[in-house]
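I'd like to ask some things about the structure below.
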Amino acid sequence: MDLFEYQGKELFARVGVKVPRGRMATTTAEAWSAAAELGGRVVVKAQVQVGGRGKAGGIKLAEGPDEAAARASEILGMDIKGHVVHRLWIEQASEIAAEYYASFTLDRAAKKHLALVSAKGGMDIEAVAAESPEALARLHIDPVIGLTNWQASELVYRAGLDRATARKSAAALRSLYDAFVSLDCDLVEVNPLILTGEGEILALDAKVTLDSNAFFRHPDFESFREAFTVDPIEAMARERDLNFIKLDGSVGIIGNGAGLVMSTLDLVSLVGGSASNFLDVGGGAGEETMKSALEVLTHDPSVRVVLINIFGGITRCDQVTGGIIEAARILDLPWPLVVRLDGTNAEQARVMLAEVASDRIVPAATMREAAEKAVALAGEG
Amino acid sequence: MAIFVDESTRLVVQGLTGSQGRFHGFRNRAYGTNLVAGVTPGKGGTDLGGVPIFDTVSEAVEATGANTAMTFVPPAFAADGILEAAAAEGIRLIVAITEGIPAQDEARVYNYIQQTSRTPLIGPNCPGLISPGKCNVGITPGEITMAGPVGVVSRSGTLTYQAIHELTMRGLGQSTSVGIGGDPVPGTTFVDVLERFEADPETKAVVLIGEIGGSAEEEAADFIRENLSKPVIGYVAGFTAPPGKKMGHAGAIISGSSGTAAAKKEALENAGVTVVDDPTLIGEAVADRMRHLTSDV
Amino acid sequence: MDLFEYQGKELFARVGVKVPRGRMATTTAEAWSAAAELGGRVVVKAQVQVGGRGKAGGIKLAEGPDEAAARASEILGMDIKGHVVHRLWIEQASEIAAEYYASFTLDRAAKKHLALVSAKGGMDIEAVAAESPEALARLHIDPVIGLTNWQASELVYRAGLDRATARKSAAALRSLYDAFVSLDCDLVEVNPLILTGEGEILALDAKVTLDSNAFFRHPDFESFREAFTVDPIEAMARERDLNFIKLDGSVGIIGNGAGLVMSTLDLVSLVGGSASNFLDVGGGAGEETMKSALEVLTHDPSVRVVLINIFGGITRCDQVTGGIIEAARILDLPWPLVVRLDGTNAEQARVMLAEVASDRIVPAATMREAAEKAVALAGEG
Amino acid sequence: MAIFVDESTRLVVQGLTGSQGRFHGFRNRAYGTNLVAGVTPGKGGTDLGGVPIFDTVSEAVEATGANTAMTFVPPAFAADGILEAAAAEGIRLIVAITEGIPAQDEARVYNYIQQTSRTPLIGPNCPGLISPGKCNVGITPGEITMAGPVGVVSRSGTLTYQAIHELTMRGLGQSTSVGIGGDPVPGTTFVDVLERFEADPETKAVVLIGEIGGSAEEEAADFIRENLSKPVIGYVAGFTAPPGKKMGHAGAIISGSSGTAAAKKEALENAGVTVVDDPTLIGEAVADRMRHLTSDV
């Protein structure tokens, strides 16, 4: 789960990573109060999950509350690369002596944590890596013992950070790494990490991706979701424990297993159509799950046909078919169904399906045939 | 032969008394797998369907000679369970089915096992593996398989079944089908499995099922080019997946420009792999490559 | 540093290991107040660093403050195997459903931590190990990752602790191990660790040995020393950074390096004498250190002769000799010195020594000769 | 030959700019050791007596080809420094002189190195080692040594010098003298060193100096009986040490009935070691055993 800057900074502050003092605001009035409370110069920052906020005019300096409110009114509602600004982060302006870059993530190929640190912060790190690779220190960290003191120190010296404040920088890196591990993050990226005029190291930005698999250790993290504007259909699917992602096409897809569903999407595209969603009912889906999945899709007006692709393992095809038939009976489905079933109890399921086959429920023998029929019914292919 | 599991496998299931562990553990036994023990702390000394339950893996190993552990322990306890299995002398393979283990736990456990016992770990978040006619450890439906010369390795679950189905439909049996799982840090990679298929005289061709995210397919391609003498037929899912969205698996995500299906397909093709765009063509492609193989001989 | 029970329990409570509530007392009045404050039945426990307190009458139950004071007056001043009781620990009496044993230490041969746990607590663990080895669970712990949850659980089941409360016992073991590591202990031993009638696990005793090398991480641990009655000569030596241990004989020993000093003690014994101390001046000792060491020995009335055995490495023999000569001049040493020097600048030192040689300063060519001369001068050999 | 250090040693000193590191580092250089670099974080780019100083060990190794690290870092930072040296590619030996490292740190560092790089570590809390005429890494006074056929291994510092002195006085030179240190978890044990002496053709006999505490001498005895073809002369300090008192070294303590000098002497004698009661007899005992050796040949 990708957090907003203000959420990341809230977590940073909680675990001891130093950040400037700040307040969240959703209105100009709140922006005024936040600036008044913080005192002095403040920065008004659009909270959107997209890069290039600054260039787009989403980050502005203000001398006091009135100016902060004025800037807030300019920024709220702004559209930054398709992201509308609903929230602001108002924070004390920092005096910047140097801008660094620091991130911790998992390097899947090396199967170790990867630290990236650079003295060239505040700019696009991929550009730094391409143009001045010597300014980017890379170091693998063994997750068994974590970031050692010598590694933090090595990162500081190799990245060419200010030597006089090397200890403080190393300590800041250790505290960022501790945040990365203790908060169960997939990514912690701070750009820029700044050296202030007083020689302090502060995280001026916070890009934090949480691992939702670890939420059982951090039950309060669920509340971060509230800040996200979620597609209502995705929210409905989540409530029903269905793995749903909205896409741009017109063929609704329901399948079991992420790989099989992705593969179905690809096949639909290959035969000239396009999927309107990714919907994985998971392992062991029965009648209820199928009804539930179909009901979710009835709320998506872009769907013109639904392709159901099930390979029964734990999942029993006969149960799935029962759910489909039941749903078709009670839900008044607005579109035709193309159904392909294989695996556990498929014979039986095919018999059930044959009995109800019509132009609204179309059986298919293979994935390919199912994709072709669905795309034809969607009027795409 | 076969790889990882066969008639000599003696299986202990961690979490056999849980609903998932029980269902699949006994399904494996029904297939013919030698299920010798279950482990559930606190239930040691009891018995489930004729299988003795122990409090600890090491007791199970001492009492039953178990050599393979399958983990169905819930995510919060799974990392610890895998460490326990890895520490037990006599366990030579761990199969972790559990889905939803935190990535930090997986990274720590993977590296620690590499640094200590080096017990092979398949998964976590995987369907397990099957050597048709010999042994099934995991959730693969045994009915769709048949014994034969094709090795299957895959990051996906049901897509693997689809591939097996296509093979079986064409009379192409499987030596072993290994689901390595969809998490970012799988204990066993494509390369590890390919190495074993190469060494297994029973395996004549390999089907590799990849998906978006990471660089496992690219690493597999490098390995295939350098080390594999057997034909490989590939398939990659996720050509139409949008960047930045996790497609079900924690590992299946396109980040920036890396991890796309197109790049993976290209890498595999450059290594001599026949990559099909449609999973229903897998069987045909394998048959085709194996025909050439036979005519070569 | 071996702690008293009450000190160990103070540390346990600090890091979350559960212990019965208790108070320290050094007088009967304090014992009365402690018992009154705690309420109910209490146990009055002699604080001595020796086993078998209970059998010796050093642990007694009391129903209330008056009885506690009475028991305290019996125990205070008691001599338990040569240890006089100066302090008491008054704690709430616990209802005991089962007595366990648990310890964590370093296994030097395996170079890993070693856990020992038994369901047979409250008795001598070496006897348990000898008589019912199956009742003693032993497990090595990799210090890199520490005690894992499965190991704590395995210890509980292998040791045969109560199955119904297995989780609590495992949690107690983990918290004891955390104490062992986080407090930098050489040993943590709890005998008995009890299961109470309410199903709680409590440390009813606490044997804790702290690693003084780690005191830089725990500056407050220095204060534990105040509770120990220290030999005044040892205290003086400690102040001067000399490594001194009092022994029973009459030949004072000064040397550099622990191995060489031990060896000197052995040689003195081999030729029929006995050392009155172990005194290691360490590496790089100069004039001041030698004077300081000699001055310390002047306070020990059992010394009849002092043997100085120096092998110069970093230590320069000429400087050492300078110190000896200076000390002999100003300190009015009450005993003769036998001096053996070798290594760095020994030639020069021997010349200096020859100039002052007398029946009070006796040079020796070898360790053996030095030991023989010293023992003869002590009137022992 | 010689073991661990010789003419090919390229030494980097961690903490060269500290008073101890400077004194001994340059003393080693004066002896002939190839001191190529120093490491002190924050002082990188400077120079001390012609030796370049680096911020990190890896930079020092890259720039100078250092292959041996000696650590004089203070106790609070020494464990981290040892880990840094162990992680540096190219470092094949670490000699940790630092005294007073917490036992928990030592245990963690020792096991981690064993599980990862497996770089040999001598010490901590040791006098280092010397191959007379070739290389001195540590605080052994080079003047008392001479090159020759006797390997020396010891848990003690000055007692080692005493032993070397006795050998040199009798014209018996040393191949290498290794002080493994007096801490409870030495990185290198008697057995590790004996193994190398056995393999070193230049070493014809071995002097082993033990002391009370632990069971290292007993383990050495087992190893000698099984694996050592060369004569071993032993000495054990601490016959008169009282139980329960740390005799200077953290490791030198008799606990209960174990770790006594008498038991160690007996174990060594049972393994065929000539154990002397008086360190001044070491030279004579070695000469005696070596005479037999020559007459055997």
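Letters A, B, C and D name the chains as they come in the text, with residue numbers starting at 1 for each one.
The criterion applied here is as follows: a residue touches a chain if its C-beta (ideal position, glycine included) is under 8 Å from a C-beta of that chain, and two chains touch if they have at least 3 such contacts.
Values in this document were obtained by computation on a predicted structure and should not be read as measured data.
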A-D or A-B - the one linked by more C-beta pairs in contact: A-B
Distance between chain centroids, defined by C-alpha means - subunit C, subunit D (Å): 28
Subunit B-subunit D separation of Cα centroids, rounded to whole Å: 48
Distance between the centres, which are taken as Cα means, of subunit D and subunit A, whole angstrom: 55
Overlap residues in subunit A, where contacts from two or more other chains coincide: 142, 144-145
Residues of subunit B engaged with two or more neighbouring chains: 112, 115-116
Contact graph of the chains (line, ring, star, complete, other): complete
Subunit B partner contacts - residues on subunit D that touch it in the complex: 115-116
Complex interface listing, subunit B residues touching subunit A: 23-24, 75-76, 100-105, 107-108, 110-112, 115, 127, 139-141, 143-144, 154-162, 165, 182, 184-185, 209, 211-212, 214-216, 219, 235, 237-242, 245, 247-252, 256, 261, 277-280
Subunit A contact footprint on subunit D (complex, rising order): 41-42, 44, 55-59, 77, 80-81, 83-84, 87, 112, 116
Subunit B partner contacts - residues on subunit A that touch it in the complex: 106, 108-109, 111-113, 126, 142-144, 181, 184, 186, 211, 213-214, 216-217, 243, 245, 247, 255-263, 265-270, 274-275, 278, 280, 283, 311-314, 342-344, 366-368
Subunit A - residues contacting subunit C, complex: 144-145
